[in-house]
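The next part holds the structures, each set out as C-alpha cells.
Next come two complexes, and both contain subunit A; in the first it sits with subunit B, in the second with subunit C.
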Partner chain A sequence: MIGTFLNPVLAVLRKDLQSELRTRYAMSALIMFIVSTISIIVFAIGGGTSRSDVLAGMLWVVIFFSSMSGLSRTFVSEEERGTAMTLQLLVPPSVVLFGKLLFNVLLVIGMNILAVALYSFLMTGFTVTSPGLFSLTLILGSGGLAASSTIIAAIIAKANTKGPLFPVLALPILLPLLVVVINMTRLSMEGGDISESVGEFQFLIAYIIVIITASNLLFEYIWRD
Partner chain B sequence: MEMIQEPLLDIRLSGTGLSKVFNRRSIFRDITFQLSAGQTLLITGSNGAGKSTLLKVIAGILTPSSGTVSIMDADIPQTVYRAIGFVSPYLNLYDEFSPRENLFFAMSARSRQVAPDAVDRILDRVGLGRFKDVPSRVFSSGMKQRLKYAFSLIHEPPILLLDEPTSNLDEEGKGFVRDLMARQVAKGILIVATNEQTDVSRYDHSINLDREG
Partner chain C sequence: MSANPSAWYHLPIIPGLEDKARILFFHVPTAWLSTVGFIASMVYGIRYLRKRDPEDDIKSASAAGVGFLFCILATVTGAIWAKFSWGTYWNWDPRQTSIFVLLLIYGAYFALRSAIDVEEKRATLSAAYAIIAAVVMPFFMFVMPRILASLHPQPVLNVQGKTEMNATMLVLLISSFAGFTGLASWMWNLEVRIQRIVMNSLSGLKGETRV
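Coming up: the complex of A and B.
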C-alpha cells in the first residue's frame, strides 16, 4: 500500500532532480542569491557586529529571500513549460504534491548548508556553540520552509503575476516559523541547550504537520482547475 | 475506419450531465454519453466551443462544474491514470529528456514495469526509433506530436482521447494515426475531438458542441 504511493512520489522526485541537474532552473537562482546577499552583508558590516540576535536574524533573512527566489520554480516551471498536464495525466494530485515537497526539502537543505557554510566563513562573529541545537533548528526550519513554499508555489504558479506574489503570500505564513528559528539560532550561538528549546521544537514539528496536512487537503483544488 | 480483429476489453466510460463554467461563462452544459469497448465518440464544434475542455474533463484533468464522469461505473477512480491515453495540443513533454527518458518516467510514475525493448518498440512504431536518445528540445513540431502518441500509448490504455489528432503530422504520420484509431476501436474506446471535416457516420456517437453546448 505504501509502495503504491511512494513509488510514484519517488518517480516525480527523481524526474525533478534529473531535470534540475540538466536545466539548473532553481539551483542557479538560489546560489546566486545566497552569494550576493551574503557578500552585501559582509561589505556592509563585515565583522562589525558580534551581537547574536543580529547575526541570527541576518542568516535567516538570507535563507528566507533565497528560498523566495528559487523554491517556486518547481511548480512555476511546470506551468511555464506546459508540462503540468503531463503530470496530471500520470499521477494523482497528492503524488505530485509530495514529490515536489521532497524535492524542495532536498533543495532547501542543500541551500541552507551552503548558506551557513559561507556565512560562518565570512561573518567572523557567527560562532555556533551548540551544534546539536543549531543542526536541529536548521533541519526543522528547512522542513517548515519547504512545506510552506511548496503549497504557495502551487498557488502562485496558476497566477499571472508569479514572481512578486510569492514573497507576499509566503511572509505571513512563514513569519511564525522565522521568529522561532531566529530565536533558536540565537540560543545555539549563546550556548543554549536542546532541553531549553523543547517548546520551540514542538512548535516547529506541529507547524510542519499542520502545513502538510492543509496542503494535502487544498492541493487537489489548486491543481485541477 | 478499417476493421482490425482484437479481443474487446472490459471497459465502460460515461459522462452524465456534464457542464463547465469558466469565469461565469458557460463553456458547455448538460453533456451526456455512454460508451463501451469497441465504440467511438466524435466531438465537433467551432473554435472555443469547448472540445478540448470537454476532453480534459473526461480525462480527469479538469473538474466539471456539474455532472460526473465514470469509468466502470466509478467516479473518476485512481485507475484513470492507467485507463486513459490523451494526445492533445496542450500536452507538452519534458524537452530536456529524450523520448526514452520521457517514456520511462511515464511508466515509473504509474508504478508499472516496462522492458526497455517495449519502449524502443513503441518509439519505432511512431517513427522516432532513430531519435530515442536525443533530447526532445531539438524535435520539430511533428516529431513532438509523434512523441505525444508514444507517451499516450506506452501503457496500452483502454480509453484513448485524441484532440486534433493529425495536427503537425505529415502524410506518413496521418497514416499512422488512422491505423492507430482502427486498432483502438478494435479493443477499447476512442474519443476524437476535431475541427477538420470528418465523416460523422464513421463514429458510433457524436456531440456537436455548437448545438449542444
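Coming up: the complex of A and C.
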C-alpha cells in the first residue's frame, strides 16, 4: 500500500534529480546566492562581530533569500519546458507534490549545510555552543522552508511574472517559521539546552504538518489546468 | 447609563490616555474589519474551489479589497495612537507585527491576482493562497506574544467575558462596531456589483467578437 504511493513519488524525485544534475540550474543559483550574500555581509559588518542576535539573523537572511532564488525551479521548469501536461497524465497530483517536496527538502538541506559551513568559515564570531540544538533547528527549519516554498512555487509557476512574485508570496507564510528559527539559532549560540526549546520544536513540527496537509488538499486545484 | 442626557457625552478620564482614548472608536472596529475581510475572502475562496462559481471569486476578491482598506486604516490609526500614548509611531508590538503581516498577505494576494490573466486560473490560485495564508495565521498569533512583550491592553471581548469599560464607552464602541461593519458590508456589496457588471460586459465583448 505504501509502496504503491512511494514508488511513483521516488520516480518523480529521481526524474527531478536527473534533470537538475543535467542543467545544474537550481544548484548554481543557490550556491552563487549564498556566496554573494555572505560576502556582502562580510564586507558590511566584518567577520569579527560576536553579537549572537545579529549573526543568527544574518544566517537566516542568507538562507531565506538563497532559497527564494532556487526553490521555485522545480515547478517553473515544468511549465517552461511544457512537461507539466505529461506529468499530469502520468501520475496523480499528490504524487507530484510529494516528489517535488522531497526534491526541495534535499536541495534545502544541502544548501543549508553549505551555507552554515561557509558562514562559520568566514564569520569568525559565529560559534555554536550547543550543536544538538543547532542541528535540530537547521533540519526542522529546512523542512518548513521546503514545505512552504514548494506549494508557493506551485502557485507562481502558473502566473505570468514568476521571479519577483516568489519572495513576495513566500515571506508572509514563512515569517512565523523564520522568527522561531532565528530565536533558536541565537539560543544555540548562547549555549541553550534542547530541553528549553521543546515548545519551539513542537511549533516547528506542527507548522510543517499543517503546511503539508494544506498543500496536499489544495495542490489538486492548483496543478490541474 | 445615567438618566441625564448631557452625561452621555462625557467619557471618563483615563489617566495617561485622557481624550486621546477617543481614537479607540475608530481604531478597534477597523482592526476588527481587517480580520473579517480576510476571513470572508478565505471562506468565499473555499466556496469557489468547491463550486467553481465566478460569483464567489468576485465576492472573495472584493472582501479582500475592503479588508485591505480597513487594514491600512487600522495601521494608521494605531500608529497615531501609539505616537501620542507610547511615544513612537511603531515599536513592533505583537499586534503591530500581526497587522504588518496581514498587510503583507493582502499585498501578496493582490500582487498574485494582478500577475494572472486567465480568470479561472486567477480565481483558483488566489483562493489557494488565501487559504494557505489563513492556515498560517494561528501560528503567528501563538508565536508573537512569546517573543515580544505587548503594550496593548487585554482584548475588550476577552475569554472571561469581563470588561472594564465604562458603560458610555461600551455603548459607543458597540455602535461604532455596528456602524463600521455596516459601512464595510455596504462597500463590499457595491464592489461586488461593480465587478459583476465588469465581468458581464467583458463576456458580452467576447460574445461580440465571436460573432
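What we mean here is this: the second predicted complex is superposed on the first by the 224 of 225 C-alpha atoms of A that agree within 3 Å, B and C clash if a C-alpha of one lies under 4 Å from a C-alpha of the other, contacts with A are read in each partner's own complex, and residues count from 1 in each chain.
Just so it is clear, a residue touches a chain if its C-beta (ideal position, glycine included) is under 8 Å from a C-beta of that chain, and two chains touch if they have at least 3 such contacts.
Only a predicted model underlies this, so the values are computations on that prediction, with no experimental measurement involved.
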item: Partner chain(s) touched by A:207 [first = subunit B, second = subunit C, both, neither]; value: second
item: First, second, both or neither for A:151, with subunit B first and subunit C second; value: second
item: Touched partner set for A:19, first subunit B, second subunit C, both or neither; value: first
item: Touching partner for A:165 - first (subunit B), second (subunit C), both, neither; value: second
item: Contacts of A:90 with subunit B and subunit C, given as first, second, both or neither; value: first
item: First, second, both or neither for A:11, with subunit B first and subunit C second; value: first
item: Touching partner for A:82 - first (subunit B), second (subunit C), both, neither; value: first
item: Contact residues of subunit A, present in both the subunit B and the subunit C interface; value: 225
item: Residues of subunit B touching subunit A in the complex; value: 59-63, 78, 81, 84, 86, 88, 90-97, 101, 105-106, 108-111, 151
item: Complex contacts: residues of subunit A adjacent to subunit C; value: 151-152, 155-156, 158-161, 165, 168-169, 171-173, 175-177, 179-180, 183, 199, 203, 206-207, 210-211, 214-215, 218, 221-222, 225
item: Footprint of subunit A on subunit C - complex, ascending; value: 49, 101, 104-105, 107-108, 111-112, 115-117, 121, 124-125, 127-129, 131-133, 135-136, 139-140, 142-144, 146-147
item: Footprint of subunit B on subunit A - complex, ascending; value: 3-4, 7-8, 11-12, 14-15, 18-19, 22-23, 81-83, 85-92, 95, 224-225
